[in-house]
């Protein structure tokens, strides 16, 4: 059995299950195969900074890691080695330097856990600098076309669903319209799944501009049938179809969407139109934090094992994925950058409408 | 054993444990003492509307009620019988009508579960209209001076604490400042208890105008010591001490505080001052919803039993309460309307400072 | 749009998600299609007893049902209409009587939510008595070959995984061997999934007779590496390979496995052999109870909608199922009665071994 | 400000909140007062073994510790320094050696977190060997007379209450008698509080020998009123009053109570007498594991701060405690070794009976 020495890193936004992937890689590669695994801190930054920030990972250093949220390696959205900030407002290419650092550390290749951006960087590193990469997909929004599900998604859905359960009891006691803003700037998967799981009456998605009047009509129709409350799930990226510009209150600073902006916009419309009380909850990063649900832990563990198997087989340049219930893999080159969004013919979208959920549009 | 026929109602905002009080009253009064208990819907509205909305309550109708959030009787903040909206923008006194309805329904008296407002109405009803009342205190903010704790408070603290646990892992992964806005317009108990229980670095309270600079200094100090994230709990009623008027974005419609306004105000200051990323979560009504924690279920059960005992003993005009770990009672006349707020010499406030929590003020 | 009047029932052991199926059927069939849906209580018993026990189901009667465990219709393992207890220790065929009752109630057909036993009865009823049936699969053990997953399974896995998380912290503090007995008499899926998700060191399955010596060796090996605790998941149907008869203590009454018997058997062996302290937890029906996780709620909702769609299309005699991530359906005649068990070449079993989990056998 | 160097240790069984005490001590003593705090591993064993096992504790080493179950210092029931196993089946006094080690390490005194046994050892160490001790009470059973509540108790009650919630839904679906065995060998506080919080129908306590016939009568009475299920909480130390010896199956090995023995004994009686199905769940160490509830985190934090305050004030020889809602302290000499048990005149016991809970005895 050949011995290998590989690096592992996490890039982009965090998602519950990152630590479970790291643990599985270490448990299998180090614990069973007796390889060496080196953790690189804060994506590639740990290799490009001086001094380098690296950790030798062993089964012992992974104790208690499986249920833990976040990532022990840290992560960042900043630090594309091909476009590294040069401090003068511009960028420069540090990819050759990075490849050199990887060789200096004796790393045969890298397991890169990250979203489509990270995977694209990995593929480019492999092509242009000859750095062997195996990818593990990560996106809490579940918007990567290459994989059916990624770890973290069902954990986020659980947070949002529990929130709906809580809001349901208090909405019912009070005759109120409750709005829950969830993550999803371009893809509304969390809103759709949590809305179905939590019994929402209305869901707004980034994929469908909603007509506030249809939503008000739904609230009124429920009232007419003796239901004095309505639960609305609002994806943070959803917008009204009325053509009005985004309220300025929704954006501030460096272009971030203001927490609660999308929900507040709709709440204001409802209050003005129907004179009912509305209440807004904004989950924000609660959806990223905390312990992964068992589904995500199992998936993350299987992704980690498969990543090591790919290296065992010398099959660098591929990304593991889940397809039709099976763990398989796909060439990194084929990992599309177009996000997978909710389509009108998705079966769950259809089922959601059949149990009476309103999406704010004639479809 | 004399037989009694009593009414029960819930008024004001809901809190986890309302159903547990109702259940305990019914289990003891109906199940053991063979009295009759009538549930009045939506506070006194159920008696003042035509037709009246009342429910005969039996142990069977309380099946599964103990863990259930909300209130099966419904509740409302509207409908003071002494100042009932007359439909023309004014109010009229319907208290005599209410007393008449209570007599017509054969109710010997009422168990009124509610906050200081409800208790004051109850006491006035008893004095002016001769309606016997026993009070059960309810305030999710724990700001009633007459009782050490009420049910619902620890449930709200648990929701906020779990949120901090979740934010902790993701903040740690990302080097971010996370702000969690919790309930508390005039009293900051939830912020204080949850902040201590969830390991917050900074807490802002309605009782202490905060200096944003001190908070930025705390963030910077943590950074200097290698802690790249900071967790901040923001009570919704807390405001900066800088003398600046409340940002207009914080208020809208009928004077409601905008969800997230207080957190957003502080977040904006931090972003502008320190150029760090901030993220805001707004719990809102999540804190009212869901199943009560065991502490609240036990307390609610004991309150319900004690309320019936007071009626057994003919001691109308009193409110049950928790004092120094014991269930006792207090004259309704003495239930102060001044909310109990966090004082600088409260032992938990002192302990919080000793474990290093910053309150944004030199104290 | 033709109007239909259909019955719905739940049979066999309960599983989280039964109410979510019922709700989805009612929401779609009654709320959207304006059919009539009649709930039959306690499987077919509600039609065979006098008076019959039936409920008209409407969207209103499904309020709050989605997150609720159990089944509002009740369920039972007793009452095969083809072999009904005659009270004298024998059985008699009441299937014609049942078919007659279904016709008398004006039911066009029945949605039968149940395990392989219920589905076989349904198929026989259709063939022999002409009662149209659509099946919805239910098995908390996930051992139905016809479907990849059923609702309730991931909820059970979550209960077991949370238990492992808890045991982990206390085992670690105390240098102990902790055994967790989970459901699974013939199929060890819950043990396998929860063991992987909860970081078990050892899993015993009904499918693999375990050698207690191998398990003791694993405990010892961990000790040698400085890990003074070991977490073991024991499926209730797992047995040692030593050829010894089952300890008499494991069985009592009418052939039930005694709660904790399998774990106690292994614990005793470990204590005697290694002189270490062991502690046993027996989850029992905790695994069936409580609110379904979002995965199960979504799956149950989709199953319910699909069952109604089958009836819309006149496709009686089929069972809905999940295959490769898609909701499809299969002829009731083909629903095999052989349970799907864990095979040695199942990918998760392989992954489990690769992260170092011991199954007590040389494989 | 004088500088101090103190030790801290955890002894006896673990309880959720131990880490929160350690964290509060370190945050205040090191972070604010700039003392030194040394963690001693596995109670006093870390000082008596060679090499010694000690940890310098800093705020940084306490990162993420607040919500964490178990104890980072480890704990053990073995190792009384006054009666240390000599390896030949006897014991010898190593207390002088321990005092010497404490002096060698430059420790001014020790914060000892433990139960009545640990506190008695601490007091003896102080008297006989001049080792300054401050005690922090710990007992998951809440049976220490000196304090109203200790951390860990409400966390255990929450685990047991959630279990009852789960069992309720499945019991209801199935017409069954469910038995939940909880901790409590001599004191039944967990059974009492969880039974009230979880809506048990029957509770058995170690303090009251139960008459199985009364419990069967309760089950039958519920059946007669249309309630086909019964929830029973069984404290592990409870026994029938029938005078029969404990079934041999309940004890094994070194005198441990067999997990589930108490519940199984009662279940068997019910099955034989009423011919109903029973199901047993045994929580075992689940009650010790996992994250402390907010109540316990706040209490543990306040205990930790107060322990440091006592040392600041030079008040060695005392134990912190909660009395009537206030954190106070008591001389170690007065910490009684008699456990506080449930008395028939305890107010919660009275309230439990008034909501209809049966304790298996005419009282």
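Per-chain residue numbering starts at 1, and chain names A, B, C and D are given in the order in which the chains are listed.
Everything below uses one rule, namely that a residue touches a chain if its C-beta (ideal position, glycine included) is under 8 Å from a C-beta of that chain, and two chains touch if they have at least 3 such contacts.
Since the model is a prediction, treat every value here as computed from it, not as a measurement.
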| item | value |
| --- | --- |
| Most distant chain from subunit B by Cα centroid | C |
| Computed distance of Cα centres, subunit B from subunit A, in Å | 35 |
| Where subunit A and subunit D are represented by their mean Cα positions, the distance between them in whole Å | 40 |
| Centroid spacing, where centroids are CA-atom means, of subunit A and subunit C in whole angstrom | 31 |
| Numbers and ranges of subunit D residues touching at least 2 other chains | 165, 168, 172 |
| Arrangement of touching chains [line / ring / star / complete / other] | ring |
| Those chain pairs that satisfy the touch definition | A-B, A-C, B-D, C-D |
| Subunit D residues touching subunit B - in the complex, by the definition given at the top | 23-24, 27-28, 31-32, 59-60, 63-64, 66-67, 148, 154, 157-158, 161, 165, 168, 172, 193-194, 196-199, 225-227, 291, 293-295, 297-298, 301-302, 304-306, 308, 324-327, 347-348, 351, 354-356 |
| Contact footprint of subunit B on subunit A as seen in their complex | 13-14, 18, 68-71, 74-76, 159, 162-163, 165-175, 178, 249, 252-253, 258-260, 263-264, 268, 271-272, 279-286, 288-290 |
